[in-house]
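Order of writing sets the chain letters: A, B, C and D. Residues in each chain are counted from 1.
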Amino acid sequence: MPMPTMTLSISCPDQRGLVAKLAQFVYRYNGNIVHADHHTDAVAGIFLSRLEWELEGFEIPRDQIAATFINYAQQEKVFASWQGVRWQLRASDIPYRLAIWVSRQDHCLWDLLLRQRSGDLFAEIPLIISNHEHLRPIAEQFGIDFHYIPVTPETKPLAEAKELQLLKDYQIDLVVLAKYMQVLSPEFIAAFPQVINIHHSFLPAFAGANPYHRAYARGVKIIGATAHYATADLDEGPIIEQAVVPVSHRDTVADLIRKGKDLERVVLARAVRLHVQNRILVYGNRTVVFA
Amino acid sequence: MPMPTMTLSISCPDQRGLVAKLAQFVYRYNGNIVHADHHTDAVAGIFLSRLEWELEGFEIPRDQIAATFINYAQQEKVFASWQGVRWQLRASDIPYRLAIWVSRQDHCLWDLLLRQRSGDLFAEIPLIISNHEHLRPIAEQFGIDFHYIPVTPETKPLAEAKELQLLKDYQIDLVVLAKYMQVLSPEFIAAFPQVINIHHSFLPAFAGANPYHRAYARGVKIIGATAHYATADLDEGPIIEQAVVPVSHRDTVADLIRKGKDLERVVLARAVRLHVQNRILVYGNRTVVFA
Amino acid sequence: MPMPTMTLSISCPDQRGLVAKLAQFVYRYNGNIVHADHHTDAVAGIFLSRLEWELEGFEIPRDQIAATFINYAQQEKVFASWQGVRWQLRASDIPYRLAIWVSRQDHCLWDLLLRQRSGDLFAEIPLIISNHEHLRPIAEQFGIDFHYIPVTPETKPLAEAKELQLLKDYQIDLVVLAKYMQVLSPEFIAAFPQVINIHHSFLPAFAGANPYHRAYARGVKIIGATAHYATADLDEGPIIEQAVVPVSHRDTVADLIRKGKDLERVVLARAVRLHVQNRILVYGNRTVVFA
Amino acid sequence: MPMPTMTLSISCPDQRGLVAKLAQFVYRYNGNIVHADHHTDAVAGIFLSRLEWELEGFEIPRDQIAATFINYAQQEKVFASWQGVRWQLRASDIPYRLAIWVSRQDHCLWDLLLRQRSGDLFAEIPLIISNHEHLRPIAEQFGIDFHYIPVTPETKPLAEAKELQLLKDYQIDLVVLAKYMQVLSPEFIAAFPQVINIHHSFLPAFAGANPYHRAYARGVKIIGATAHYATADLDEGPIIEQAVVPVSHRDTVADLIRKGKDLERVVLARAVRLHVQNRILVYGNRTVVFA
């Protein structure tokens, strides 16, 4: 385990002096910056920044950093106003708590669980939710609570209410849809927006159902997978990560599905890792990924 | 220049014995096969084959190979019937004659001309057509006839008639739309179907106009380019070749366009090369590429 | 499970008529070819072919196909002589039997076991051998025999004798070195040459030990992984498959190792799958991969 | 042309406050930062930074920025000492002046010239040097001075002296070895270290001569190209950019060479573009590329 760090993520309207003032906050209290990333979207007039510094030697106790930052920002007029400012502080040694949602396919589930166990993914996974009983044995093997919540058009509101309660009970920070073949309602997303989905195509190509069949029918020479934040508009959320693999006339639909699985695993795992390291900033329908 | 070869390309309804009988034709007349590729689309029930053999030592004179093959196929019952059989014979030392069509962007034109001149693309390029005068100097530098044919909705039928006449006059085998930002009419395609287009997206994503602007708006992490045969349905023709490049939040629309140019050049050049080597077989809306 | 097929793989000195005569063997007995691949290495004068046809409807019983082929080859003079002819017949419904060898890293082992269990890798895995006890629990979970065989310079000959005996006892067709961090002796390879290794670099770069550390030290912008057949010369065997991933100045050695694992998994799995589908032909130090 | 900017590149021993103090310099004089990139190599204890801000509105005249920065750094104790500090200021509207060195191959030369002319590469190219007369016509077409300087072991010192004089006369900032198949002496590199070379392999694989032939002999499944700064040790300099392309058993040495050319063009062009945008910082044998 490397030394614990604090990460400050900010997006706000662009103005002069932001890099200097934000870094000055860390320096004033003797913080040692290990990563500093900034991006300005000149078209949108938005500034995005991620500062990561070592907690060791930093002169503000953890539980007072947020209050101190607010004071500092006001005194130093870091922001012209707090209008449009979004910010977050996260310590690197407090793991994100993930709920993984699955249907019947297990390859992304296995992948995330094994990465977590090997230490490549620093997170806690206390909860698995599924609309099938199928993958319960995997949850049991890893000692993770498994909740079977079937969904029909009629029971969906009730099911989602139950799911939201579970996310609350388990103090979940992030839902990972690891081939959960159900659409979440706009109400759910509004109540719990921290949801990463893996879509088995290089969006926006083949948004919607059966992308591999449609990729085959179209005769493409490349297939892909896309990890994105779920939004009320299906397959339209901010894209985090994409990857592709070449295919040829020799590949049947079954081959596309098989090759696609390797993409899905890696793309989803990368997106989740980026999220729990606070490397993704979202604005509008876009992401800034400070990889 | 390697030894000249003959290439027989065939697509037909699948049946037993096709590989044996087609190869036997070459062997009977003492041909030395240098490449033999076959593919069966089990779903569609179609067999596709490409045989390439050295002309040296082959016992049939060039101008009688087609007739001899027809006789052989009938005697040996190679095909259950000629219904659905499409075949072609091409000698490798007779270059394809290409017409390159452009608008104002020159990067694909330069690329093709330089490849042709260096010997990496074995073809003749006697004709460049454009709806702008802009690129005439490049044509002149390479000693290629340049025809300026402006197109408006009103003049389009007349323009296409003129273009078809030019293709006939110059004995063109293949039209390469090297960033020719105009749509060809279904009538044109029907009259001259051998047309390769480069589309600046990984189709079917961002079919239609302004793909780079739309890719930027969507916030994708990968952009692509697609070479395909032009058909009456815009951007829906059989895909030959695709390639992609990663992009990030740092890339503006201008960066996507710049990065995309490198893809367009390479993807179009590969597709044209595959075509003039008779490595592409089309059936339905699909291609088999014996690369 | 698709319909069972027979695969005939051949490499031999090149001569006229091979494609025709080999395909004719299948056709004579009413076989329906589903894949036919050929390659001629003009420099080496070697012809390589892989024919796959459906067993259903084929008029020779399975256990007589080999003998019938030998007769056919002699009668039809398929080969000028049997000198230099290597051939193999394999039915698709008889699974390869794999032994997986590991040390302490488990990511490739998990990957292969899960692919096997999901049906993406058609093979039996009755045996795991390791020079550490570390991964025994995984073997037990999957109900696979686990043999712990420690290796020191002194015990190596004895250990290899024990290993060879195990391969014989378990009727192993293929050894997969899934991050087995030990070198096999030339004697072992001579006795059992069917061994696939995964090397964690894009060979021949960083052959030998600690490739990720050396890749970091060299400051490369791309890292890779290589699956190859093990030979007496370390890291010099015929390459089957390679893949790469970009890295940057932000990546530490630990990041290279983590990113490399994803490559190792996929590259090794692809190579093993190609092998058990008889898609790899080796000649000299090269492979022909009919993917 | 976008608004002109100033770029400050710095590498120095790491210490607290660097991000804040460097950004504060820009802010104090009302500069609007458009890009701010930092990297800390924790192992080497080195901090690297690139700040780019708009010149419009910046309150220091161009010709006084360097002096003002030195004063600021001393007053604010930005650096513990000037020992180990390397820094550079470049305005974006003053083009780098490139000399392109070639032998007989023209593909990289054409590529760079066309990119420069299209505006994708903002630079001046007043000088082409070659050890052959072969490519003089291209230089003439673009109106660029061409100097033919043959090199033999005996004449090399004299040739390099002449070359150094030319670089001085033409006020060259950067030498681009665009397939210049000659090794530069350590003395030359010491006198003029700003030299980018393109090597036709994914270094460190196949360093030295004839990489494509050796890649073929080794039977690799991927080939690559590497752009790096030239150093006294052949093919050992800091790597800037690498790219790869898959190859197969079907590819002859000629195919590798042809496919490699596409890599060489793109990789060299990217490296040169990164350099003239001051996006590359070198320390030890490594590069940080703020792409």
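FYI, contacts are C-beta pairs under 8 Å (C-beta built on N, C-alpha and C of every residue); 3 or more make two chains touch, one makes a residue touch a chain.
For clarity, every value in this text was computed on a predicted model and none was experimentally measured.
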Checklist entry - In how few steps can one go from chain A to chain D if every step must land on a touching chain? => result 1
Checklist entry - Using each chain's Cα centroid, which is most distant from the centroid of chain B? => result A
Next on the checklist: I want to confirm something about chain C and chain D. Since they are copies of the same sequence, is their interface symmetric in residue numbering (over half shared, so same) or not (under half, so different)?
Outcome noted: same
Checklist outcome for this item: Between B-D and A-B, more contacting C-beta pairs sit at A-B
Next on the checklist: From the mean C-alpha coordinate of chain B to that of chain D, what's the distance rounded to whole Å?
Outcome noted: 37
Checklist entry - For chain A and chain B, what's the span in angstrom between their mean Cα positions? => result 42
Item to check | chain D: positions in contact with at least two other chains | outcome: 42, 250
Next on the checklist: Edges wherever two chains touch, nodes for the chains themselves; is that graph a line, a ring, a star, complete, or other here?
Outcome noted: complete
Item to check | Complex contact set, residues of chain A against chain B | outcome: 39, 41-43, 202-206, 218-222, 224, 238-244, 248-250, 252, 285-289
Item to check | List of chain A residues in touch with chain C within their complex | outcome: 106-107, 110, 114, 118, 120, 141, 250, 258, 261-262, 266, 291
Checklist outcome for this item: The answer for chain B against chain C in the complex is residues 16-21, 23-24, 26-27, 30-38, 40, 42, 51, 246
